[in-house]
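Dropping the structures in below, format is structure tokens.
Shared between the two complexes below is subunit A, which has subunit B as its partner in the first and subunit C in the second.
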Partner chain A sequence: MIKYIVRRTIQAIPVLFGITIVVYGILLAAPGGPTAKFAQNPRITQEMKEDFKRAWGLDQPVPVQYCRWMGFCSKEVDAKILGVLPAPAAFIGPKGWPNLLPTPLSGASNGVLHGDFGFSISTGELVNKAISRAALPTLILASSALVVWLVVAILIGVYAAIHRYSLFDQAATVFAYVGYAMPTFWLGIMLIFLFSGPGLNILPAGGMTETRVSPPFGSDDYWVYFGANTVAAILDIGKHLILPLFTLVVVSIAGDSRFVRASMLEALGQDYVRTAKAKGLPARTVTFKHALRNAMLPVVTNIGLELPLLFTGAIVTETIFSWPGMGRLTIQAINSFDYPVLMGILLIAATLTVFANLLADVAYAVVDPRITY
Partner chain B sequence: MTETLSAPAPLGSPPAHEVLLDVRDMKTHFKVLDGIVPAVDGVSFSLGRGQTLGIVGESGSGKSVTALTIMRLLDIPPAVIGAESEVWFDGREILHMPLDSMRRIRGKDMAMIFQEPLTSLNPVLSIGEQIGEQVRLHLKVSRHEARDRSIESLRSVGIPSPEARIKQFPHEMSGGMRQRVMIAMALSCEPKLLIADEPTTALDVTIQAQILELLKVIQQRTGSALLLITHDLGVVAEMVDHVVVMYAGQVVEQGTANEVMLEPKAPYTMGLLESIPTAEKRGGRLSVIKGVVPSPFHLPPACRFEPRCPYAWDLCHEVAPELYPVVGSGSGRRARCHLHQAAGESRRVAALELHADAMRVGRGLKEDPA
Partner chain C sequence: MSDVFSNEPGIEAERLRRAEEAGEDYEVGLESLSQWQLAWRKFRHHRLALIGLGIIATLIVVAIAGPILMPFDFATIPVPDKIVYQGSPPSLAHPMGETGGLQRDVLELVVNGSRTSLFIGFSSMFIGVTIGTIVGSIAGYVGGFLDNLLMRIVDVMLSLPILFVILVAGRFFGNGSVVLIVVIFGLFSWMGVSRLVRSQFLSIRESEFVEAARAVGVRDRRIIFRHILPNAFSPIVVVASLIVAGNIIGEAFVSFLGFGVSPTTPTWGNILSNALTFIPLGNWWWPMFPGLAIILTVLAVNFIGDGLRDALDPRSRA
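And now, the complex of A and B:
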């Protein structure tokens, strides 16, 4: 098992490497760019633009930019081959070892390989810092969404399968179709309208904390406040969490409750379930020990493939509900052509996706004894 | 028949103590989109303690449904069980008892082995767990003792190194081994009745004989009763004392294995026997029963075998035959055929002779290597 996980992790390296190239390529091909925002501003001269480009290294040929961003090349060496490719000398770090080696060996600290995603073009802040500030809110939203999603989808699916064609099953079917068909942004806005509008007004329309009471989430002041009023702070976040959470999970629950139901129905019709009944086992044991475990096999894979939805779904949801997470940061970065931030986010999302798949495969192997590595 | 469902039909009285299983007028129909499938349509038979009974019949004759009805393993609906049907087991009526009471009988006093050994074991649970959970449930023993008993019952069905096997999963075993595991599981709580539904159909020929031999040995050793379902008359002769022959959801003949095999009285059974390739008949022309099993939606109006019966006459098309006692035989000997009532007297003699000829043809050919 450990060997399998290690092997899969090593296999992920070329995949992730490929992803960095693709991500870079896509952003290059996209119209606009970091300098686009100056186009409309008459006070910015051509000279200032050149200075800006030089300062950010945007004057360099693309391969050099990429190598520096990745951390293959040293930033200090300007030498190039044919004026396009980085010269061999550029691959040597300050200590005379290859630049891509870990910092203590190479002396280099630039680039993704050294954990450095550069600076945000729009705020000048370290990308690492911007992302880590946004990571916790997204983690809170995504992990609570994951729990609600799995528990609710499995409960609905299993119950509907056991009581097939019952009123509950039919209601679940209707919910699934409606939920699946509903656009996330529309659902979010409707929820705000319903629960935060002038009528009910029982839930906050956005944000993560009550701004009149607590400092902005993630700031140093906030943690002081959090330490002093832990329970109130957690309840406050919980209250702000309800609507975005619901918006985020509805589609997944709608789809997966159907999937669980189908899978469970199939398992309930299998010969081994009949055997379990013939052994005199109580209905509960037959359903949960014998049928459900088998029914979960395809579900586990499916969920692994759907995990990235939490991230992509968060982009829309966080924007609607001003949730200060990665999704909102993504939109902000796109709007301001903040490529370093965007690249960092995309790379992290890709890594998470690759490991979500690995996790699904491992989980599958754990529940199915027929899988060998 | 269409009384109110709320008042359960009054039960008959229990059979004598020596009778372990008494099936009375069992009717199991399936409500499907196209109509109603009368899969089992008024079947009665009984089985004494420690005795063996075979149910024989072509595919689709209702053998499995009979067994599943006794075990109460059918989903209701689509299955509909006749209100007047009764199954008495070990002194109690089990067909209409609460399912909770039935669960305490299933797997303990009455166990079943299925037709499909490859899919009847749970793929994600170890063998030890699958046997052990049943032992723990019914015998209320500790995990440790359940493990010992599981090992013991695996050993008793001839599985080598059972201590290692209990940690294995079904996919790590051959079909024959899995059927042995099923048998071990069925026997783990020492049932009074073992129902085996075509336990060897899905297995290799060489394994088939082994499994049947095993069932026989175990039946004799433990003294449990055996209800063996098969479409193979050869198996019947080897394995059981009494036989029930089924056709299209009905019993068409019953008697001891010897009686049924040597002197069949229903034309359907005669046809079945004539179509067995025996050593004597090798080289001879095998007769098969012409025609096909009737669709359950378009059953012949009277005798269900009439379209395929070589001895049929007008009466067979007009009046449904009952399960008549066979003239000059014991009380357990019956055949569902008009040949065995007064109106069929003359034809009976002719039919029995024709059958005897058909069975002799092969023997004659064997002596004369033409």
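And now, the complex of A and C:
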């Protein structure tokens, strides 16, 4: 088992490495480059652009830039082979150990490997700081959505499977088909029209907190306010959470309730369920103890595979409801050509995906005793 | 099925055509013919799939004929002399209402949007399926190092948050052009197909009829195109339907955020994007109808996919 986990983890490393190359490549290929934001400014001369590039290390050849961004190379050493590739000396950190080792050993702190994503080009803020500030709202939205999504999907799926072809089952089928075809963002827009439009103005259309009452979420002032009015602040966030949460979970519930139903039906048709019934066990015990437990096995894997979708979905939802999370940060970064922030977000999202897949595989091996590795 | 090789150039094609006429390989021709007839017979009995087919056929007619009957010109403003802000709800003259601001007919926008949205959905699917089939075939047939490399690339691509990448690509490379958006979506929708085609190749490659073909000296290319790909066709079609649905929603979202097709061209996403600013005025008909169009299309495509899955799955053959 442990061997299997270790093997899968090691297999994830080349994928992660590939992701860094793709992310770097996409943004490298983007037209304009980091100086694109100066294109409209007549007061910035070519010389100033060159200085800007030199200051950020953008005058270096691409392999050297990538090597430094990753943290394989030290940013102090300029030596190159053939004028393009970083020289072996560049791979040695300030303390004489390889640069990619953790900071206490190598003395180096640059690059993704040391958790340094650089500075935001548009605000000058540390990328880490910008992302961690945006991560909390996304986490609140995504985790509450996960709970609602799982509970509702399993309830609908199991009930529909037990009462197969009943009115409820048919209604759930229709809901699943329509919900699955519905664009998340359209649902969000219609909900805003419905609940925050002029007709029925009962829920806030966007944001995370009532800005007239409290300081902006995440600021130091906000946490002071939060400490003083904890209950009111939580209720406020809750009120703002309702519409985005609903928007986010509908599509996932639509798809997964069908999945749970199918899995449950399969389990209910198994021989051991018939045996349990034949022994005279109460229907409740058979359904929940014999069938449900086994029906959950594929569901567990499926959840692992769908976690990244939750993340993407959260981003989509955030942009509609101006939720101050990763989604909004992404859109801002795209609009202002903020490469370091974009690279950080893409990399974190991709890493999450890889680990969610890993978790799904491992979880499946753990919960299903029939699988041995 | 005999026209599979009609676009093969040169002597090779001529040789194959003669071989075809001479009756070699006759069992493949007969088999595939009956397979499609059988599939259609089953598809016909799938009521929802037929409805879906009807909807898609109607939408395609609308997408082709609609813009001719209701031409949209971005520069033409319907009520040029009046300053009006509030749109008007659905009426007999405007069955889907009029937009706020420029007072455009929502029906006209939706009809014109259908052309762009369907075009993007279907053509990006063709690009994706083509790339996916090529990559999957190579990986599955050649195997070894190349297979490993290609599948790791697929792993990497599948780990990326594709929607983000498309947003970034749309902003940086899209320039609001429909064709470029199609290419971008196509380039990011082949991974599932390639995995599927590879797995089909891996299993079919070892089957007896391929072994027999190889034993009598059939060339690799002919084995791939003639013996393996036709058998892998049905699962590809099912996945293709999912790609169309996903890309129509995806395009709407990207355009909705303003990183997709330029706002001067109506797509379902662009209409929604414009409607957003009119929320305080409660012009619900403006975003509702393009959204319903998306749902209807995706629903129809999904139904067709379901029908195809049932009809083409050899295990469910009656």
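The rule is short, and it goes like this: the second predicted complex is superposed on the first by the 362 of 373 C-alpha atoms of A that agree within 3 Å, B and C clash if a C-alpha of one lies under 4 Å from a C-alpha of the other, contacts with A are read in each partner's own complex, and residues count from 1 in each chain.
Everything below uses one rule, namely that contacts are C-beta pairs under 8 Å (C-beta built on N, C-alpha and C of every residue); 3 or more make two chains touch, one makes a residue touch a chain.
As the structure is a computational prediction, the values presented were derived from the model and not from experiment.
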| message | For the combined arrangement obtained by superposing on subunit A, do subunit B and subunit C clash, or do they fit? | response | fit
| request: Mind computing the angle subunit B to subunit A to subunit C from the CA centres, in steps of 10 degrees? | output: 70
| task | Please indicate which partner A:Leu58 is in contact with in the superposed arrangement: first for subunit B, second for subunit C, both, or neither. | result | neither
| Once the shared chain is lined up, is A:Thr353 touching subunit B (first), subunit C (second), both, or neither of them? | second
| field | subunit A residues touched - subunit C or subunit B, whichever exceeds | value | C
| message | Applying the document's definition of touch, where does A:Leu203 land relative to subunit B and subunit C: first, second, both, or neither? | response | neither
| request: Could you tell me if A:Ile192 is touching subunit B, subunit C, both of them or neither one (first, second, both, neither)? | output: second
| task | May I ask you to decide whether A:Leu126 touches subunit B, subunit C, both, or neither, giving the answer as first, second, both or neither? | result | neither
| said: On the A-aligned overlay, A:Thr312 touches which partner chain: subunit B = first, subunit C = second, or both, or neither? | reply: second
| note | After fitting on chain A, the minimum C-alpha spacing between subunit B and subunit C in angstrom comes out at 14
| query | Intersection of subunit A residues contacting subunit B with those contacting subunit C? | reply | none
| note | The residues of subunit A that touch subunit B in their complex are 270-272, 274-282, 285, 289-290, 293-294, 297, 367-370
| query | What part of subunit C is in contact with subunit A in the complex they form? | reply | 152-153, 155-165, 167-169, 171-173, 245, 249, 252-253, 256-257, 259, 272, 275-276, 279-282, 284, 287-288, 291, 294-295, 298-299, 302-303
| query | Which positions of subunit B touch subunit A when the two form their complex? | reply | 71, 73, 103-108, 111-112, 114, 116, 119-126, 133-134, 137-138, 169, 171, 182, 185
| said: List the residues on subunit A that touch subunit C in their complex, please. | reply: 14-15, 18-19, 22-23, 26-27, 29-32, 177-178, 180-186, 189-190, 192-194, 196-199, 205, 308, 311-312, 315-316, 319, 330-331, 334-335, 342, 345-346, 349-350, 353-354, 357
